[in-house]
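Listed after this line are the structures, all set down as structure tokens.
What follows is chain A paired twice: with chain B in the first complex and chain C in the second.
On to the complex of A and B.
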């Protein structure tokens, strides 16, 4: 599963979420997580239509956006999203 | 024009600008040159440094001149963490800091450093018990501001310093940008202090990092000794002289100014809280220089622009971005997304007048009734 995360260096919520995502990555080492910087990668971020609330995490399946999480979220919320996407994938298979 | 955005920046004092201009014209020598022009410039810089040291009750060699608070914060955080990384790689801060605290921490994270955010209580003050629980063997820096810029919470700096006395390997940095020259917070027990002149009627482009004598820092700018080995570059003599002047003016009547501003703040609060859709976010532990409030249902930028039409200037302050963003600070403090989505900041000064506030209140009323749905006078 591909996940694009958009963060900014000036954003405390992004720092909070970095720690949460590290824990998530330990549980799901197979995740393909790509990090973009809101300012440095602005052209790309603009294409993704990211609003002004950070951080943002976009979940993909077969390069299609499935789910978007905006703002600070708990590890449990992220795990629920991942599990749900995995369930749908398995059903489709 | 009525300016009520003094926490963002202040207009320069005429006397401060005169000092700057005079120094530019009369002291052309590089303070590090050996000839007489250099010697004269060096004497002037030493006098300015002495004045600042006396006002802040620190040693002259503890003053590092920077371009402002963002540089000071970067120098404090990167400087300590990189210099003392053999002791540990852990830093503690709060979720109510300026972005120039989070920037260096984000950078250090890429180098393997670790961080934690200390909780705050219901009024927004640091939870000292939680702070104690977060302190580790490898914690080498705690960075907590003295006054939050958005809502104005004053942090218990002395109590935090006291806790950290038991952790000799851990340094204490405080970003005092919003309190310097406004609230006389003792610097005892604080190892590093950041501030900027433009917040107290000085010029943009000059600030300080106060650093206790024996502490070392990894410089951000390498290039040899200037006024200090920790920050290279030709000393900005006119800016330094103007900083000393601005600080002296700010300290001249600091306590009476605080009383005056507190009266203004109380007056505004009393008038504004009568509006049904106005919720005051700043509480009794906040600096009177800041008054944050929400106008439920009205976008902050809409209200700011409405006031602007009558030449009144206040600001919105968002934690995580530029526009249309819920204020993280207001959300954390009130747990109310509506309030977080509609907060504005009025920031006061001792140069504010009662007449200005009365005009502001009249215009506020006009904007309120035109922008708040279903509101009737």
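On to the complex of A and C.
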């Protein structure tokens, strides 16, 4: 499962989420997480139409977006989303 | 012949004796008050009570908040007697002035002693002189000897020390801490500091990190200090005018109400960092990038100061007038300059507390730590509620806001 995370250096919410995502990665080592910076990679980020609240995490399954988490979320919320996507993936196979 | 003289003299003494005993000096008590002022009401109750205890006193009251003639008179009397500050109640008895009113057994006792003292001693009625001839013809010894309560030993010995703070009224230090923290917790300009710190960490130059970081925070404190002291001076000159108080009250009610509203409007909106509009953001980034990479330290510092000024003016506008309301409360409390500056200092210290913490952690760990923004929306709510309460108090019972 591919996840694109969009953060900003100046965003305190994103800094808090970095820690959360590190813990999530330990639980799900198989996740493919790609980080983008809202300012440095502005052209790419613009296409994703991210809106004005950061951080944003976009979940992909076979390269199409399934779910988008906006703003600060707790570890449980992220894990719940991942589990739900895993279930859907297993049913399809 | 000598006998006649003796008799005449005896007669004279005998005749003047009753006056000697009876001849109590007429004592006028001038009270400048405002009808919104709780302390003034307490003093008026006290004065009405003692009016029938003494037969030689006259109480003359001037309401200043809605009668410009009276407030002009107060200004003139204060100027002539060398009393600064514009607080009410302001009482003049003979040559003595009393600013403020504690309660019956502190200021009340002073007033009684002054009346007793003046009933037996002839004295100049300075207020009357100022009213009749517009100013003091022959100057009094020197204005400062008209210190608040007394100056001559005899009266001083009996008067208790005034000034126990009445706990039931609002405690200013607590208000300074709470409002300062709420103002500081408001994330309007936090993103600039975080970007600045991350750029500084990139330079790997500790000396530069300390100088630029502290300059930014120091200038932010300075901007707030300048704003609050300037606002204080403006407000101090109109503090008794009830109309001004009503405007400030409505300003606080509107500002506070708006923020309570925005809390409920965005309650279930995802809490995260609000992205400021693009060009403003890039302009500030460019500014930060060039002075953090600036070799010449002086230019770097100047760049930081300029940035801190602009950013903190935005922050001030965005923090819905909290500093302005707090400063107004200081103004109506007739504090000494020292006390006011201490409270402003406490406010600014707690306002910058979160910035300082983040900066110091960054210096130690060389990494930027962010505080969760989940609770920043609550700062809008709490700040809003406090502002609404202050607005209501200013409208209906300002006395409570005066320690």
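Here, the second predicted complex is superposed on the first by the 93 of 93 C-alpha atoms of A that agree within 3 Å, B and C clash if a C-alpha of one lies under 4 Å from a C-alpha of the other, contacts with A are read in each partner's own complex, and residues count from 1 in each chain.
Everything below uses one rule, namely that a residue touches a chain if its C-beta (ideal position, glycine included) is under 8 Å from a C-beta of that chain, and two chains touch if they have at least 3 such contacts.
This one's a predicted model, so the numbers in the text were calculated from it and none came from an experiment.
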item	value
Three-chain arrangement built on chain A, chain B and chain C clash or fit	clash
Touching partner for A:52 - first (chain B), second (chain C), both, neither	both
Partner chain in contact with A:39 - chain B first, chain C second, else both or neither	second
Contacts of A:13 with chain B and chain C, given as first, second, both or neither	both
Chain B versus chain C as contact partner of A:70, first or second or both or neither	second
Identified clashing stretch of chain B versus chain C [23-31, 41-49, 131-139 or 329-337]	329-337
Chain B and chain C footprints on chain A, overlapping residues	8-16, 52-54
Of chain A, residues touching chain C in the complex	8-16, 38-39, 52-55, 70-72
Of all residues in chain A, those that touch chain B in their complex	7-16, 18, 51-54
Touch list for chain C against partner chain A, complex	187, 190-192, 194-195, 198, 269-275, 281-282, 285, 368-374
Footprint of chain A on chain B - complex, ascending	95, 97, 99-100, 102-103, 105-107, 109, 115, 117, 318-326, 328
